Amino acid sequence: MTPADLIDDLVSANHILYNEGVVDGFGHVSVRHPERTDRYLLARSIAPAVVTREDIMEFDLASNAVGAPGARPYLERFIHGEIYRARPDVHAVVHSHSPSVIPFSVTGTRLQPIFHLGGFLGAGAPIFEIREAGGAQTDMLIRSPDLGAALAATLGSAAYALMRGHGSVAVGVSLKQAVYRAIYAEVNARLQAEASRLGDITFLNAAEAANAAATNDEVVDRPWALWKMRVAGW
Amino acid sequence: MTPADLIDDLVSANHILYNEGVVDGFGHVSVRHPERTDRYLLARSIAPAVVTREDIMEFDLASNAVGAPGARPYLERFIHGEIYRARPDVHAVVHSHSPSVIPFSVTGTRLQPIFHLGGFLGAGAPIFEIREAGGAQTDMLIRSPDLGAALAATLGSAAYALMRGHGSVAVGVSLKQAVYRAIYAEVNARLQAEASRLGDITFLNAAEAANAAATNDEVVDRPWALWKMRVAGW
Amino acid sequence: MTPADLIDDLVSANHILYNEGVVDGFGHVSVRHPERTDRYLLARSIAPAVVTREDIMEFDLASNAVGAPGARPYLERFIHGEIYRARPDVHAVVHSHSPSVIPFSVTGTRLQPIFHLGGFLGAGAPIFEIREAGGAQTDMLIRSPDLGAALAATLGSAAYALMRGHGSVAVGVSLKQAVYRAIYAEVNARLQAEASRLGDITFLNAAEAANAAATNDEVVDRPWALWKMRVAGW
Amino acid sequence: MTPADLIDDLVSANHILYNEGVVDGFGHVSVRHPERTDRYLLARSIAPAVVTREDIMEFDLASNAVGAPGARPYLERFIHGEIYRARPDVHAVVHSHSPSVIPFSVTGTRLQPIFHLGGFLGAGAPIFEIREAGGAQTDMLIRSPDLGAALAATLGSAAYALMRGHGSVAVGVSLKQAVYRAIYAEVNARLQAEASRLGDITFLNAAEAANAAATNDEVVDRPWALWKMRVAGW
């Protein structure tokens, strides 16, 4: 995939995440540079739904902007840089305040795979408590490399992590996979919240979750084609 | 109804199920061949909302594709083939991950008719536990004739069955009836979940459910005309 | 208001009730004839969203069609005829399966005014149990004058009544008022269900409910203008 | 900002609040006059979604209309006038019946900041009980200067206040900030209601809430650009 094609997909990913209810005026999505693994691409500080090709900036892994002088970057770009640094397998990162997920970040209930499309949640999503790394007086944001590194440490080898009182991150080997995970973590959370009121839940076991995730990874082009069609012409 | 007209209706059913919130990027709907009862029609492996006439494939009851060489079929086409084999009365099948239904598949709460439009749920929807037929290490999918047959056995003579940690199947004597059932099972589930938080529920009794279902079957053209209008021009 | 203008408003009311989420493929709205109080106007048996001027039929209070030979009427037109017969003050009736209201019809929780816009609910909405008038083996529908009269008796002098396992009726001195009540009963029910999970609810007292209802009746043109704008051109 | 530009923004704010689900046929938003601090601008009594430049009226702080003879003002304009009188720092006021917030107004559960975007809620939103100022027989509306002053007293120095059985007010130093607060109070309420069913909630502490609010105030242009784009051309 050429850098130009990847930027097109990154713009689409921004629009898709808005259109599918994962981001609103806030949230962002990045992709690792296709030719330089020590760089990543991310929009300047604007709402995802209004991002165009011209808004895409390039950053090094310390989250310093490369080129594009003058554009204002997202305060929380360190989420992306530090995850790319810690996770060579990761090529795309979504940060959002996806609504059904946040309640799981502030209560003791673990977000777990309730159906096959949530298999990537594995044994449950880890929760990042910013007070541990940043103390009790932060503004909740990942506004430094240190906080980004602490979040990456909480994420570990997982596909998805919650951020207490804030939101979540979804990562993937590709934009499609990270977007898929951001969307279906939200769906899984909604289903789990509903089910928890009906009775005790039988979650996918470890083998079911891993096997379902592997199968779903093979068909991620199917929903992506739909999501992309819905934002065509934006 | 000619095969050509039926294919038009099948394409509409795909679009309707997306537009009414029953399927998203996943899920599928089939119809028994109008001239050969040992065949059925089902789209190739794409999202329902984007299905066109050209995407419709023909399968035998073992779920082997007939003609249309090269197109990739749904992994779970066996849901359709095995239900058609076991249920001569069934002429249409919807498989979905309809969101309000899934919580009932993973908890001990039985999905029952809470209002007249859910009368087809009868004494409650049976639940298919894939661990019984496929063991504890599946990927949750109905990816073989044996799993399809086990699902058909759980369905029995019912109109609707849940699949634990996965979704559901709705069947009917016609596309309109199967689509109606898929849509109103979702509505019924949402109402039941809400009502369960308010207090003990008076469900339709067996006679009320059967009588309401019979009456509703006579007016299924009414919502179908609306649903079809909403996807006209897709 | 001329009969022609009233029919235009009746068509708009059909579209509004769909667009605002009160009716789906089912449900209906009628208005008393502007020149003959022993007649009412109601669409033939089609989905409200697709009703046009040509679909409007005229009925006497026994719910026999007057003119318009050949068109199929709603099975449940007796809801309208019997309420008009019992309630001379009523000039419009909405019957719907409005989703947030149904859970209140099947549990012991009384639908009560939780905010000023639900003031018309007064001391709480009565519930019609069809088993009392029709026995335990009905199809749940108001398919006879007797059942319609029993429903009208349960409604009494109220503005709104629930029908167990089925839906509701909203009545008014005008189409605008009946539509307003159908829409805000749905909103009130959703708010009440949510609030009931947070703690004990302070409802409007009798004076607050009556006074708020009287005030709101004076400004019903305000939302009506919005609702009508949203369906302009249908 | 010129008065003409501010009126454009006020019209946009009306449309945005409808489009983002904060107001329906009811609710209103005002802005303090840019050149005379003892005046404010507010639409005549119509639904926010249909407001145009020509509908904007000017009021003094006693909520008497200045100019624009003949237009009917909102019954509850005293909400605006009395808050502007009591709070010189406030330059915009939103009054709404935003649905997720109302359940908190009628139960003992305090609306508190559950995520960083709700930081402006501080130690929790105060609740105005109209019975204390107006007795037990009001129509729930703020229809006099006295009731407006009592509401302003309950609001105190807060950014947001609930009104029992009615709705809420959001205030800000600018239209953008007041609209932001009206929208995210609704989101925060929905998240809090959901979380309360999952377990005990860790809310933002006082420092986190204050710091997050200060940070968010700096980026309010980001969602505003999105919201405005969505209503462009109305």
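Chains here go by letter, A, B, C and D, matching the order in which they are written, and residues are numbered from 1 within each.
Assume a residue touches a chain if its C-beta (ideal position, glycine included) is under 8 Å from a C-beta of that chain, and two chains touch if they have at least 3 such contacts.
What you see is a predicted model; the values in this text were computed from it and never measured.
J.: Could you tell me the least number of steps, going only between chains that touch, from chain A to chain C?
T.: Contact-graph shortest path, chain A to chain C, evaluates to 2.
J.: Please decide if copies chain C and chain D contact each other with the same set of residue positions, more than half shared, or with different positions, and reply same or different.
T.: different
J.: Degrees of rotation, nearest 5, to put the Cα trace of chain A on chain D?
T.: 90
J.: Please tell me the distance, in whole Å, between the geometric centres of chain B and chain C computed from their C-alpha atoms.
T.: So the centre of chain B lies 32 Å away from the centre of chain C.
J.: Between chain B and chain D, what is the separation of their C-alpha centroids in Å?
T.: 46
J.: Going through chain D residue by residue, note those that touch at least 2 other chains and give them in order.
T.: 197
J.: Line, ring, star, complete or other: which one describes how these chains touch?
T.: Shape of the chain contacts: a ring, since each chain touches exactly two and the loop closes.
J.: Once the touch criterion is applied, which pairs of chains come out as touching?
T.: Applying the touch criterion to every chain pair yields A-B, A-D, B-C, C-D.
J.: Given the complex with chain D, which residues does chain C contribute to the contact?
T.: 113-117, 119, 187, 190-191, 194-195, 197-205, 207-208, 211-212, 214-215, 219, 222-227, 229
J.: In their shared complex, at which residues does chain A touch chain D?
T.: Against chain D, chain A makes touches at 24-26, 45-47, 49-50, 75, 97, 99-100, 102-104, 106-109, 136-141, 164-167, 193, 196-197.
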